[in-house]
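Structures for review follow.
One chain, chain A, links the two complexes that follow: it is found with chain B in the first and with chain C in the second.
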Partner chain A sequence: MGDSAPNELARLRRERRLMLLQLLPVVLVLTVLFGGALVLGVMQSLGFAPWFGVNTFPDFSYFGVLWSQASFWQSLWLTLYYAVAATILSLILGILLALALVRTFPSKTLYKYLYKLPLMIPYTVGIALAVIMLGNGGMLSRLMAFAGLIDDPAQFPQILKTHMGWGIIAVYVWKQTPFVALTIYAVLLGVGRETEEAAAILGANKRQIFFLVTLPQILPGIISSTLIIFAFNIGAFEAPFILGGGFPDTLPVVAWRYFNDADYTLQLQGMATVVSIALIAGGILYSYLAIYRRYERRIGRQ
Partner chain B sequence: MTAVHLKGVRKDYGNFTAISHIDLDIASGELVALLGPSGCGKTTTLRMIAGLEIPTSGQICFDGKDVSEVPVQNRNVGMVFQRYALFPHMSVEKNILFGLKVRGTDKAEAEDRLEQILDVVQLQQFRHRFPAQLSGGQMQRVAIARTLITNPSVLMMDEPLANLDTKLRGEMRRFIRNLQQRLGITTIFVTHDQIEAMELADRVAVIFNGNLAQFDEPDTLYKHPKSVEVADFMGATNVFAAQINDKTATLDFGALTFDAPSQNGTRSVMLRSEAIDLHLDEPTDVQNVFRGTIATRDFFGANITYGVTCGHETVQVTEQSRRVIDVGQDVWLTIPPERIWVIQKND
Partner chain C sequence: MARRNANATALSERLSPFQKVYLWLVAGFILGPFIPLIIQSFAFRWAWPDLLPSTWWLEQREKSVLPLSWDYVISPYSQVWEATLNTVFIGCAVTVICLIICLPAARVLARESFRGKPAFEFFLSMPLIVPEAAIGIALLMIFIQIGLAGTYTGIIIVHLIPTIPYMIRMLTAVYQGLGRDFEEQAMILGASRWQILRMVTLPMLLPGVVAGALFTFLVSTNIFLLTFFMGQGKIITLPTLLFSKIAGGTLDASAAGITLVVTVPGIILLVVTERFIKEEAFGKGFGN
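Presenting the complex of A and B:
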């Protein structure tokens, strides 16, 4: 049995080589397309763009110019406001929907298909729907005028194209509520009804069961789904571009305007905007996860 | 302590009838098993007593008071689930304190009761652990402690020994029995295992197809089943058709005299395999002798079961493995008249 050990080693080495080979496509895509773009983007925002004849690397003036504008901070505020409001609304509605879906009720199968519909429809279609439904000449305004609630469709309250962003938030919530519900529903199915029943027998009322038993168990699902939708909302472009209130725009729209400017050197300014969005989003998501980890440690989970 | 009465309880789910009609009187402080094959409605019965399901018709009474409509939160019962249903995000302590916390019990009193109950279930050293860090037996003890700390009037358990290995089963059985006797709490548990039911319970309710088939002490249920179905479920191997005529049963392989009361006519006779004696020589001076030939032999360590061909029937005989008889040997079987049971109900 003297040569069994080298054989074992050879086998392990073969397995590792095979594993690396299997990982290669993903690693390549990630490093070249994502990592490379990230490095290039950061460098460009710091003044490295020899193809435009600009190379002042490292140069923080693009960030300096951007951050000293009052409009940048207004844009940041709007971006965060739309993203946070839509995330919170989707989360609440999604959780309520998921909780309803684990109960049994008539024609549940139909609802289980219906609620997923927005997931399969693109954002742009959602935006178009919002324009058709919520605009001042839209369906809702006409219906209300028809019903005599307002004298003229034009009197319909302005929902779209304001800085309150009701239209943007509505589109996000419409699309993301099913996503949250889908995630939480899967977690709820895994958790099962037994701990809720045990809590009820021990004397807990509905509110106590939800906050003490159900919510802590679905928290991992809540955390992952909010991370995903918030990251999307903070970087989304089409909805604030079409349904937003104009200047000051959200940061992704600001970046787009820089990229689209006739003066192509402004592209560096645009890249500084993009990197700013990435930094802010990264910082917020990191703090969010850190707080969650602290909570997990506090309740004793490792 | 609470007496539990089920009066004509019925439960339908749409077109499906889970329980058609059950009357059950459980005395205060009694330990009762609901026994039956899976899907017979025993768990539904337990859930109705707990308040997790509402009966379609009939009444559930605690100490004579109808509680059928009392919501589960206010029923003050305890339930230990088959997979324990511990709160995975809470430590052992927090799990046990949950019932007192939601009732708003005074903190000092809660701490007091926690210490007491941790001693009872012997979990002091595990109090800061999480359910995922416990063994099956420990999780079950946490589930029991979490329930008992609220002083429930009725304790319910769903398959309490099913998820434990053989050694732990014995330990938990003694633990549950001792605890129940010490606290004198009315306890109802569900099982599909007749051995488990007989080991633990004062009385066993056998449920088939949503109906109560028999409700008796384990001893009676084992020796004197009311129907062939119950006899079969309680592990009877020798049930034969017989003509009954004045304390004599005429079977395919001979006539047996018996003591038990019975009506005349065609009935079923149950001979418990361990009540039959095997003789290598023809015995004299005993009643109920019949001949046979050993056809099969199964060795179980302490016991041996022989299949003995008598006429057209095979009679199973179990005896202690003090001797081993070869297959093919001609033998005489005897059974005392008091050990013969005539089943009155044929189904």
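Presenting the complex of A and C:
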């Protein structure tokens, strides 16, 4: 016995080393890319750019200039508005879709292919579809003319390229409703229907079953899918760039414009914008997760 | 039977009338816009407010000096072929690299428990919740300095960021479903580590690995922003090609054709992956 204990310890240590070795590649790649981007991004936004002959690190003036512009706050407001509106709409539509998908219906197999299509194709396709449907010369406008509501494209209520952002939100919702539905459908498959059945037998009505039984069960799926789509929406570039209403643009577009400006010192200003996006997104997502964790603890799930 | 009756009161297996209508509406919302897109790609002249084109592409085809619509799409001028090759090449490279670095990690995550594992899993999911624009522009600055901007290597490296979390999740699910009984049997029977990996683990993992690989390929082919930033206009893929066609906010016949071409890989992968991908893999919560 006295002999096997050190052997056992050595074996454990060896296994531990092997385990770390297996985790190492993925950790290395993410740390270098993420950590590198993070550190250099923050340093540049604070005035470290020796390759432009700029090195005033640490210098908070780039943030100062950025945050004192009224247009920055307008851009932030627009970014958040598009992201939040699209996330909430996708969430509601996605939950409804997932709840319908767990039922049995004819041609369910076909439908399960069909609803996933937007997941499989790039956002740029969604943007093209928005242009052809919602543009002033688009299908909606033609249908309104066909119905005799308008007789000139100019009379069509502008949907794209306004700061209401209907086009941007439509693209996000088109692409993200299937994602939410897929996530929640997976959770629903995992938990089964026994608890819902039990509640039904105990006399709960549909509303009670949904809000008191189903919703708490699918909450983890709701949280993870909304985290992912909200983070994407805040950092998305192509939809606001093409379908947006011009100045003030959303923050990623603002950052891109700074970055492509002929005056390359503005790149540091762009970097300050990028860091601001990351800080704001991080803050919102962190508080969102913290509130959710607190709720989980309160209902005694963790 | 009594239970079935009880269900009928509040919990039905069948669709409610509202759900029936809703499923139709969602199908219309998802697929409907493709109808005018297809029509537009075959149109030569489609003026407002006509619901169908007044002149079709084929009617004008003989008369035109310049290539029209689909003639243009399949001609080298449109760069569709170049973009497709780039997309497939980058997707394959990303998938292979991602698989190599994620397989061992997924094995550990599925089987071992260690201190700080929840935090580690959260770290691996981080790329999904950090805004792409932030990471893209920050990395672009670095890549320009070290000469990786506008190269295939640079694009492949940045594509690893959004693909790793999905690959890890899917492979971990595969390993969890596998169990270790068969490997232990082989070990008892005297197989070496390498033999176990080659003759037991890999064949059993294969369907799941194929699913993970297909999904990673899919994610990679759909990435716009990171490719657009890193490619610097030198390397075009299908999403960036389409972006340059519609950046003005209008959609002509050839742009509609290119949109359809960009949709094709997604449809192919949809049909192929549906069989492999377990939907349960998506239900995993975030950091819990």
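As a working rule, the second predicted complex is superposed on the first by the 296 of 302 C-alpha atoms of A that agree within 3 Å, B and C clash if a C-alpha of one lies under 4 Å from a C-alpha of the other, contacts with A are read in each partner's own complex, and residues count from 1 in each chain.
Keep in mind that, in the parts below, contacts are C-beta pairs under 8 Å (C-beta built on N, C-alpha and C of every residue); 3 or more make two chains touch, one makes a residue touch a chain.
Just so it is clear, the structure is predicted and the values come from calculations on it, not from any experiment.
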item: Which superposed partner A:299 touches (first chain B, second chain C, both, neither); value: first
item: Partner chain in contact with A:51 - chain B first, chain C second, else both or neither; value: second
item: Contacts of A:197 with chain B and chain C, given as first, second, both or neither; value: both
item: Partner, of chain C and chain B, that touches more residues belonging to chain A; value: C
item: First, second, both or neither for A:70, with chain B first and chain C second; value: neither
item: Partner chain in contact with A:262 - chain B first, chain C second, else both or neither; value: neither
item: Touching partner for A:205 - first (chain B), second (chain C), both, neither; value: both
item: Which superposed partner A:217 touches (first chain B, second chain C, both, neither); value: first
item: Which of chain B and chain C A:5 touches, first, second, both or neither; value: neither
item: Chain B versus chain C as contact partner of A:236, first or second or both or neither; value: second
item: Common interface positions of chain A, toward chain B and toward chain C; value: 197, 199-201, 204-205
item: Residue ranges of chain B touching chain A (in the complex, touch as defined); value: 50-52, 72-79, 81, 83, 85-91, 98-99, 101-103, 128, 130, 146-147, 150
item: Contacting residues of chain C [partner chain A, same complex]; value: 3, 6-7, 9-15, 19-20, 22-23, 26-27, 29-34, 36-37, 40, 48-51, 100-102, 104-105, 107-108, 112, 114, 120, 123-124, 126-135, 137-142, 145, 157-158, 160-161, 164, 168, 218, 221-225, 228, 238-239, 242-243, 246-247, 249-251, 255-256, 259, 262-263, 266-267, 269-271, 274, 279-288
item: Contacting residues of chain A [partner chain B, same complex]; value: 194-195, 197-205, 208, 212-213, 216-217, 299-301
item: Contacting residues of chain A [partner chain C, same complex]; value: 19, 21-23, 25-27, 29-30, 33-34, 36-38, 40-41, 44, 51, 93, 96-97, 99-100, 103-105, 111-118, 120-125, 127-133, 135, 137-139, 141-143, 145-146, 151, 153, 160-161, 174, 177-178, 182-187, 189-190, 193, 196-197, 199-201, 204-206, 209, 220-221, 223-224, 227-228, 231-232, 234-238, 241-243, 251-252, 255-256, 259, 267, 270-271, 274-275, 277-278, 281-282, 285, 289, 293, 296, 302
